[in-house]
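Below is one structure; the comments refer to it alone.
Chain lettering (A, B and C) follows the sequence in which the chains are written, and residue indices restart at 1 in each chain.
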Amino acid sequence: MSEQPLGAAKGLRVGEIVAALGGTLRGDGQHQVLRIASIERAGATDIAYLSHSSKREWLSTTQAGCMVMPPDLEAEAQRFQAAILTPDPYLYYARLAQWFAELQAEPEVAGVHASAVVEAGADLAPTAVVGPCAVIERGAVIHDAAHIGAGCFVGRNAIIGQGTRLHPRAVVLAGCTLGARCIVHSGAVIGADGFGYARDANGVGVKIPQTGSVRIGNDVEIGANTTIDRGALDDTRIGDGVKIDNLVQIAHNVQIGPHTALAGCVGVSGSARIGAHCFIGGGVGIAGHLEIADHVVIGGMSLVSRSVRQPGHYTGAFPLDTHQNWSENAATLRHLSQLRSRVRQLENKLETQALPDSTKP
Amino acid sequence: MSEQPLGAAKGLRVGEIVAALGGTLRGDGQHQVLRIASIERAGATDIAYLSHSSKREWLSTTQAGCMVMPPDLEAEAQRFQAAILTPDPYLYYARLAQWFAELQAEPEVAGVHASAVVEAGADLAPTAVVGPCAVIERGAVIHDAAHIGAGCFVGRNAIIGQGTRLHPRAVVLAGCTLGARCIVHSGAVIGADGFGYARDANGVGVKIPQTGSVRIGNDVEIGANTTIDRGALDDTRIGDGVKIDNLVQIAHNVQIGPHTALAGCVGVSGSARIGAHCFIGGGVGIAGHLEIADHVVIGGMSLVSRSVRQPGHYTGAFPLDTHQNWSENAATLRHLSQLRSRVRQLENKLETQALPDSTKP
Amino acid sequence: MSEQPLGAAKGLRVGEIVAALGGTLRGDGQHQVLRIASIERAGATDIAYLSHSSKREWLSTTQAGCMVMPPDLEAEAQRFQAAILTPDPYLYYARLAQWFAELQAEPEVAGVHASAVVEAGADLAPTAVVGPCAVIERGAVIHDAAHIGAGCFVGRNAIIGQGTRLHPRAVVLAGCTLGARCIVHSGAVIGADGFGYARDANGVGVKIPQTGSVRIGNDVEIGANTTIDRGALDDTRIGDGVKIDNLVQIAHNVQIGPHTALAGCVGVSGSARIGAHCFIGGGVGIAGHLEIADHVVIGGMSLVSRSVRQPGHYTGAFPLDTHQNWSENAATLRHLSQLRSRVRQLENKLETQALPDSTKP
């Protein structure tokens, strides 16, 4: 937590950082930093970074002892006790923050909490951690160094990969599998039934048992209270390195390619297939049974109602306006195709009228 | 799970299926099928179905031993060891899948897990199942064959109907009632307070205690992490056979008629009344204090801001486009009512100008 | 619950109500009311209120024994056994309902349920209540009269303020702080990791450890299954009196000013700053790194993609229409900027053509 600076013994010298993570050192390599801080709030024992040009004005006022910054700003590096020049300060910050997080991490004690319920027939690695009030059913496999948080549920025959962490109250239902080094945040539900019904002659829904499962690759992160449904017959599949934010709904039989990211509140309908390296903006809806190519970016709150077959940036969202202006424009929008017809008529009329003129000698 | 085929002893002969579920048998009624599989992946001991015409090409290549298919494709039935002709293969599949699910189901042992907390004064049927770490408060009634999953919470005086199943970590708060044969998926919260505040003279919210409850009919399914709020004074009511997908929000005092379905990420505002046999698409928002008639379909991501009094299919969603095109169109949209005025002026002008021409001899 | 009327001993006399909450008494101050009911369903021992003019027709038919109503309807007060005239009946109702709720509340027994897990080093006030299967980690501080519901999780060093209530299965992760008198509904997750990744040269996400926390003021209410992420470096901050409905996503580093309300299904992206006394309608999306001024109202399902610097009411949502009309209008919308060009051409043409006419003698 930000209010808990590292103990002095856990600081890093800037030279030590450069030796491990690269970049060009300017200033005092012996300068010691105790934590990472934002450029606005950093102090003498903090290391900060500059990635957005919008923050550049802070370079001259920040109290940071060490700054990670791009090489083209080298001239401004000299006011810091130390500086690290690197073409991608944000990526550098990510790696450094991971290092600090490892330094800060409290050691975990492997084993099963006394209040947890592990059914006979579950297979737990000796290095796994199972928190209080967690429930693990028979047939489940928990691999090395996996961490099952307090109050989590892991159903029958589910597989939790090596080093994967379920935060408190996450749910992985029967038969679902997660790869290595995944992170599942609190309240996420993996493997609930897909939403599938046939309708009988009276329009009454007849439930289709959902007998597929969910298969999640390595290095996937799944946000708090996100839901990923099991497949109807085949499986729902999430590729390696996919990052899913909070409150996202992934329906049955969806497939998501590697390294795609989905921001918060996205809904993906059944059997949609999303490519690799896509970015789906917050609140986007994706209709069912369509395909999105690799390297597609969808702007926030858009509805994808047809397949998107070319890489690129797509958007569909009503522009915000004052309510008064919106009312007038929305009212007109309801007659837009008529407006087009009227323009067409005007064009025709003018064309006809214009004829005598244009045929004039 | 798809990776767990039925034991041989649990297979079904195709003739046996037709005898129970109807349809017309073609081929070998003695052929035994062990599970249902998708047309793409089915093998010799699988039964598959063809419902969408988009999958029709698979008829000539699928390895399925038995195919459920419409009568008009009878000519193509002969390549299978067995086939079942039926006008609605999808409905047939639903019923057959339910049968298989029953065959596959592991028997449940009635009773309360040692780690569950059941307060004195709760009324549990002897045939009910209460999973590990579930909590049931006093006054709650759990009817015959109901299943309260691991880590569920059932509050004071709540009623869980016969055969209703709460999946792990579902929450049913005080005084809410569920009918028979309902399914509540993990993380769903039934009966949290509705969002109701008066504002005092300083604009500070004064909470209105929510003293109604939630009353849910029979055969209702409620998705993972969906929330249904209790009423302010009266109750929130969900009719028989309603199906609600994941991450849906139902506000206080909402009423939903029988057999309506709500897809994922829908939000229904307070006191809205939705009719019977409606289908509300994913991500739809429904404003408060309005009515939607029976047999209404709302397209995904639409906002219903006024009552919809006629059955039919309604939509309101911005069409997706390349970001560049969207930018230009959205910019114009912000001046749409002006554009209409300009067209009107052109029409007037042309009308005036045209007069001399039209009065020409 | 509505089905549990107050015992007769717990009723209130109308005169007693007026003495405590103000308003002008009409009729019999000795009349006793046992509960609040809606104007449609109230009976002789109920008190009802009239706030919306849409309900005014009920004044002549309601069976309520006592009515809270505006002074301008005084003439209609005489048909009730008692009436209370007040300029804001809804606010009056809120305060009266709180009083009834206090009367009705069952006394809580302070202390920790035997099935809860409280780590050594957690600091619990003697008046705090900790429900069954709750988990509280070391370093957490639970202040006076706080209530930690069944199955809740409170992480290391988290702080739960005086009188704050976590409903069953709420999650407050490490280091997050809640002020006094907050209400957190079931399934809410406070302090999950923000959604932050750098991308390496291969487009692979590199997780940025989220080391900030969440700081929540006093009198905040947080809806069921809502998620509020911890900050990346600094903290996510929610001001006093903020009210957040169900299934809302608040991303890392967001700041929300006092007494703002967010309706259900809202998504707020990272580092957005929302002012005080705003109302954000249901399903709204707010893009990252922008500002919304105080006293801004955003209509439901709108996307806020740029800063809103002036108070007022803003909207951006596609108007609902029949699917057929929508199709035609949406198709035209995709060519809207071309339509504008065509109108411009017509205007130019007409201007040119008109010249000879206008120069006519």
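The criterion applied here is as follows: a residue touches a chain if its C-beta (ideal position, glycine included) is under 8 Å from a C-beta of that chain, and two chains touch if they have at least 3 such contacts.
Computed from a predicted structure; not experimentally measured.
If you draw each protein chain as a dot and join the dots that touch, every dot ends up joined to every other dot.
Interface subunit B/subunit C: under half of the residue numbers present appear on both copies, so the contact uses mostly different residues. Per-chain Cα centroids separate subunit B from subunit C by 25 Å. Within subunit C, residues 115, 133, 151, 169, 187, 225, 247, 265, 283, 317-319, 321, 331, 333, 335-336, 339, 343, 346, 350, 353 each touch two or more of the remaining chains. Of all residues in subunit B, only 1-4, 35-38, 40-41, 54, 88, 90-91, 93-95, 97-98, 100-101, 113, 115, 131-133, 149-151, 167-169, 183, 185-187, 221, 223-225, 241, 243, 245-247, 259, 261, 263-265, 277, 282-283, 300-301, 317-323, 326-327, 330-331, 333-337, 339-340, 343, 346-347, 350, 353-354, 357 touch subunit A in the complex they form. Within the complex formed with subunit B, the subunit A residues making contact are 115, 117, 133, 135, 151, 153, 155, 157, 169, 171, 173-175, 187, 189, 192-193, 195, 197-200, 203-209, 211-213, 225, 227, 229, 231, 233-235, 247, 249, 251, 265, 267, 269, 283, 285, 287, 289, 297-299, 302-306, 308, 312-319, 321, 325, 328-329, 331-333, 335-336, 339, 342-343, 346, 349-350, 353.
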